[in-house]
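Order of writing sets the chain letters: A, B, C, D, E and F. Residues in each chain are counted from 1.
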Amino acid sequence: MENFLRDPVPEEASKQLSAIYSERQTCLKGPFDPDFLIFSSLISKYFKGDIGVSFKEPCPLRAERRENGNYLVYKDAEYYLGPSSFSSLLPLTLDDLVPILSGISSDLILRRRKLTEWERKVLNNAERLNLKVEKSLRLPGYNEVPLFLSIYYSLDPFIPEISGNRENSLKLVREIGGNEFTKLGDLDEAQLNSLIFRLISSISRLNPKVTRDDLIEERFFFGNFDFLELGFLSIFLMDLYGYPGLFRLASEPSYPSEMVVVYRETLSRGLTLSLQDSKDYYLVETSLPSPTLLYLIAKQLGKIKVEKPVVAKVGDKLIPSRYFSR
Amino acid sequence: MENFLRDPVPEEASKQLSAIYSERQTCLKGPFDPDFLIFSSLISKYFKGDIGVSFKEPCPLRAERRENGNYLVYKDAEYYLGPSSFSSLLPLTLDDLVPILSGISSDLILRRRKLTEWERKVLNNAERLNLKVEKSLRLPGYNEVPLFLSIYYSLDPFIPEISGNRENSLKLVREIGGNEFTKLGDLDEAQLNSLIFRLISSISRLNPKVTRDDLIEERFFFGNFDFLELGFLSIFLMDLYGYPGLFRLASEPSYPSEMVVVYRETLSRGLTLSLQDSKDYYLVETSLPSPTLLYLIAKQLGKIKVEKPVVAKVGDKLIPSRYFSR
Amino acid sequence: MLARELKGEEAEVITEEEAEEAISAFRKVRGKRDKVHDAELKVYSEIAESLFEVRLMKVVEGKRLDSSFDSWIQEVVTKMREFYVNLLTGGYVTKGNKVLCHVKTEVAHGGISLKPGDYLLTPAKTALYLWLQDLVEPARSS
Amino acid sequence: MLARELKGEEAEVITEEEAEEAISAFRKVRGKRDKVHDAELKVYSEIAESLFEVRLMKVVEGKRLDSSFDSWIQEVVTKMREFYVNLLTGGYVTKGNKVLCHVKTEVAHGGISLKPGDYLLTPAKTALYLWLQDLVEPARSS
Amino acid sequence: MLTVKYKALKRLVRAKKKKVDVIDDGITIDLGHEEVKLIKGSQAEIPIWLTEILEQEGYVSPSPISIEEISKYLYQEKQNSTVPGSLVQLPWDFYMRAKATLSELTKGKSIQEVERLNKISYMINEVVRIRLRKIIQLASLNVGDQTILSKLTPEENLIFLELKKNLEIINGDIGGNTIG
Amino acid sequence: MLTVKYKALKRLVRAKKKKVDVIDDGITIDLGHEEVKLIKGSQAEIPIWLTEILEQEGYVSPSPISIEEISKYLYQEKQNSTVPGSLVQLPWDFYMRAKATLSELTKGKSIQEVERLNKISYMINEVVRIRLRKIIQLASLNVGDQTILSKLTPEENLIFLELKKNLEIINGDIGGNTIG
């Protein structure tokens, strides 16, 4: 209860973090989600001695998600973060910008929340590293890929019968006067409005309260990377490769762009999902081997009635996610 | 306090011990003294999996010396042993008789006590393994070595100016009509009485209460081994080689007899000791590299006023004993 | 043993029993420290060293030690080889000279204690040693 | 690297940097899984394997790797050799195939956790692995 | 050691480059450390392992060894079969190509093909036999002449060095340099 | 591999036994696996490393190599210096004794002693040179005849086997047995 009285102190937590680098060896504890995995990878990357990342054992540095928000605990000191992501606490450098964006974005997606004040400040700071900001549609990668693919790849918002369906996505673009090469930027005002109208009417079948403001937001880009897509990518990597996948995202410079390709390739296989309600989990027959992304979609489709894990079934293979075992 | 009400239950403790062998791996905890070191060596010897012996860490099986006596603790069960040694709890076999005798004897010497009822029962049982019992003088190895050497080697009782002094030992034997070849068994009644008289008068200068009964006791022999001497040997090995020394005593069949030779050779260098009282310890310049045996002698000589460690100085080398760090 | 080993192309089988026999004979020698026995020990220590070297070489050449007392030489070489190849061809997740390891069995390493499912980033050498003990598994990059 | 290695009698120095360069080139190859790149990876994995074998052989023959990224090969061989000699010539305190070890650093082995000064009786193989990590020291019999 | 080194060499040469004729449409392959561009009608330098794949796919033409080629070497080699220094310069990939050619020929079933196989196989053996004899002599004479050594294939060079080293070990120990 | 095996062999032969004349009072030594009893005036079979100690202490007489002995072998060896099969049977400890003798002689300071050293050293070299040549030929001819091989010392035997093995590796790969 008392925590309600507190103000979040991410700055202090951020400062405290530098203390960890003077340890000879250490370990970090936190939940198994992309934000913490990236956070701990970035710390590990610069740590000199042996460093462990644990999901169960007590460690000197702990990232904790409690009911009233996130906490960073270092030895005896506890820092309240509010809903701010752990990745947002790390020093902003050109090398680490992509992983930090990925961590923040994944957290926004998974917790279905907006940027905190602190995170907004972090992103503003990132503008001097050439982070570009624009107000536009919440469709992934629209600067890089044709519009119909952006729609096709969109998982949040998931546009029923259109997202994950190549023909329907392309059909939609054609209907507003575009073709398979048209990019979002090529649309004129009228086409854009018509697109937004179509998207809203499609989504509103599931969520009647959806408005234009839910679809248009501040969008961030860094080089070829789309902040929003990096969030999806992180969730995808977590499910596919676990910690090593996000560790590589955080530490190998060429890895993120290689993985964006893999991620898009995977989505290009099309997205069908048939959900079965099992006793302990939801089983989703699909081509997308990421239970957490499927969970996200199913939730939007209103198919998740009770909170329990999603298990993907791709071909004969059952794919669970450690994300749900937290 | 409540423990005063309890009767010792060594039989039960002894039975409980067999349970340990069904563990896949384990560790034993106890004090650093020859009795526990032999006890744990004998258990290790037969244990199938990995086994640790710890002096600090909590373990499933613990040998504890408390103020009111010894305890064997296995998981949640606690067995009161009274003063009985831990080694006496182990199953008596031909292979293990020498180490078990060594463990019991070392404990009698270090704690300056008599056999407990349980230990007496164990030794009686050992008679079917050919343990010989006789009532005779408390001088080490008198069946094996000439009498003057037995006197020369005697550390408990330590006979002032005679033990550790080859000339004086031989002189004493000559004075009662023997020579350097005479064994204790060669003495007639009159010579024996004269010997005992001389020993008592020598010892009584330090300890006026000494009687014939202190010098004559039940003596145990097994093959070439003297129970009393095995006790000294164990203390010697503990100081010289630590746990590995007693582990070998317990597990290598030819080791005890080899070490008796080494032990006697060391004593043959003569025993001089000059004791200095340092702040944290007593420093003894000597030729005997066993602080614990030196402590035993110094105690008899009334030179230990305060309980603190003895450190041996042999040549330029300082030799402490882990026995005192308990 | 070394004589047999030098003659054959294959690695000879040396059973636990044969090894123990040798060990207890040498214990006796070690018990007596004088000129002759020190020399004897030196001669046989060198022979044991060569026995090790010849057998290790044979293992590298692909011979097997399966039922011998020293079959761990084979295990070490096999795992070192696999580790080396994966390390050098980018098969492991690394950062500088450190390798990311997946913890398989409860492990206390230095001041760090970790549970199965946790991860450890540690120098290649340590990663190899922990892997030899099956405490961890280096994380694969693909 | 292997070409250099085959030419010289001595073991070549392969720095951390050279190794890292190779590693990141292979990472790129591993990123692309097709017939050509699988074949490339196989060719170079075999070359890495041979590089390991040749260097290991050289180490056994007494050459040194001090400043190379794989200097641990030398450490492993040196310690294995010493361990082997001591084990076989009765230089360690043993019982059957187990070796008594003196604990040097806090160690949690299986379910057992021990502090410096404690002892562990464990199969020769494990004793070697723990010793490689400097967690224990096999107890000397003399 | 030779077993291991020889295996190493066999692997290593597969990464060596050789010139090939590009006979089909160009492709570009990114090998990680470099890019390979194939342009139809031109020559390209590519690693041997890659030629094997590209031959199968018909991108480049294989270069089998012909009876004429072997005959030439065999004839020259026989001219001075007892003079160690008279080694003929072989192409560095001679043995590899020989092996590839032979294994290609074993697939043939007709009498002519089997005869051809036997003939080539016999001639290659003769070349090996004569050259090895010369190499052993060179090694035991402790020759270090670069112009002679440059005539050896990588396989032969390895054998030569190894033989020489082994002979040195023995000579050094029980021979002249005994003292000290 | 030869380096390692050769080192191993050198170490191993020191544990081999040889007959020595006992020239001083008997002693008994427990070597762990066996006991050695020395009785003055008799012959005893003891390991070489032990003879070295006992020679120093004067218990047994050393057995240096004499010029006459070497001359004999050298003469016989030269008789058919180009026929590989004509190897003379050397005592198995020939090289060891030769080495011991040479290192004993290097301690001498007088002109006669130095001359003697040079002469013996030269002759031993000649024996080694001729025998090695024969051994190399035997190996390259792939001889397996036991009566010839039994004439080799342990050192020579190791070299022979190693050479043969190395040649087989190469022959097996690039020579006749290529196919398959």
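We take it that a contact is a pair of C-beta atoms (placed from the backbone, for glycine too) under 8 Å apart; a residue touches a chain by one contact, two chains touch by 3 or more.
As the structure is a computational prediction, the values presented were derived from the model and not from experiment.
Trainee: Note the shortest touch-path length, in steps, from chain C to chain E.
Mentor: 1
Trainee: Quick one: which chains contact chain C and chain D both?
Mentor: Common contact partners of chain C and chain D, which must touch each of the two, are A, B, E, F.
Trainee: Is it true that over half of the residue numbers where chain E touches chain F are used by both copies, so same, or is it different?
Mentor: Over half shared, hence same.
Trainee: Applying the document's contact definition, name the chain pair with more C-beta pairs in contact, A-C or D-E.
Mentor: By the number of C-beta pairs in contact, the winner is A-C.
Trainee: Superimpose the Cα trace of chain A on the Cα trace of chain B, which carries the same sequence, then give the rotation angle to the nearest 5°.
Mentor: Rounded to 5 degrees, the superposing rotation is 180 degrees.
Trainee: In whole angstrom, how far does the Cα centroid of chain A sit from the Cα centroid of chain D?
Mentor: 41
Trainee: Based only on mean CA positions, could you tell me how far chain B sits from chain F in angstrom?
Mentor: Chain centroid spacing, chain B to chain F, equals 56 Å.
Trainee: Find every residue in chain E that makes contact with two or more other chains and list them.
Mentor: Within chain E, residues 1, 3-4, 165 contact more than one other chain.
Trainee: Among all residues of chain A, which ones touch two or more of the remaining chains?
Mentor: As it turns out, chain A has no residue touching two or more other chains.
Trainee: Chain D: which residues touch two or more other chains?
Mentor: In chain D, the residues touching two or more other chains are 24-29, 31, 44, 49, 51, 53, 57, 60-61, 110, 113, 126, 141.
Trainee: Among line, ring, star, complete and other, which one matches the pattern of chain touches?
Mentor: other
Trainee: Identify every two-chain combination in which the chains touch.
Mentor: Chain-chain contacts present: A-C, A-D, B-C, B-D, C-D, C-E, C-F, D-E, D-F, E-F.
Trainee: Mind pulling up the chain C residues that touch chain F in the complex?
Mentor: The contact residues of chain C facing chain F are 2-3, 5-6, 9, 25-26, 28-29, 32, 35-37, 39-40, 43-44, 46-47, 49-51, 53-54, 57, 61.
Trainee: Inside the complex, what are the residues of chain D that reach chain C?
Mentor: 16, 19-20, 22-27, 29-31, 33, 41, 44-45, 48-49, 51-53, 56-57, 60, 69-70, 72-73, 75-77, 80-81, 84-85, 87-91, 94, 96-97, 105-108, 110, 113, 124-126, 128-130, 132-133, 141-142
Trainee: Please output the residues of chain D touching chain B within their complex, sorted ascending.
Mentor: Per the touch definition, chain D meets chain B at residues 93, 95, 100, 102-103, 109-115, 117-123, 126, 139-141.
Trainee: Over in the complex, which chain E residues touch chain D? Could you list them?
Mentor: Listed in rising order, the residues of chain E that touch chain D are 1, 4-5, 7-9, 11-12, 14-15, 29-33, 47, 49-50, 52-53, 158, 165.
Trainee: Any idea which chain E residues touch chain F in the complex?
Mentor: Touching chain F from chain E are residues 1-4, 6, 10, 95, 98-99, 102-103, 106, 121, 124-125, 128-129, 132-133, 136, 140, 155, 159, 162-163, 165-167, 169-171, 173-176, 178-179.
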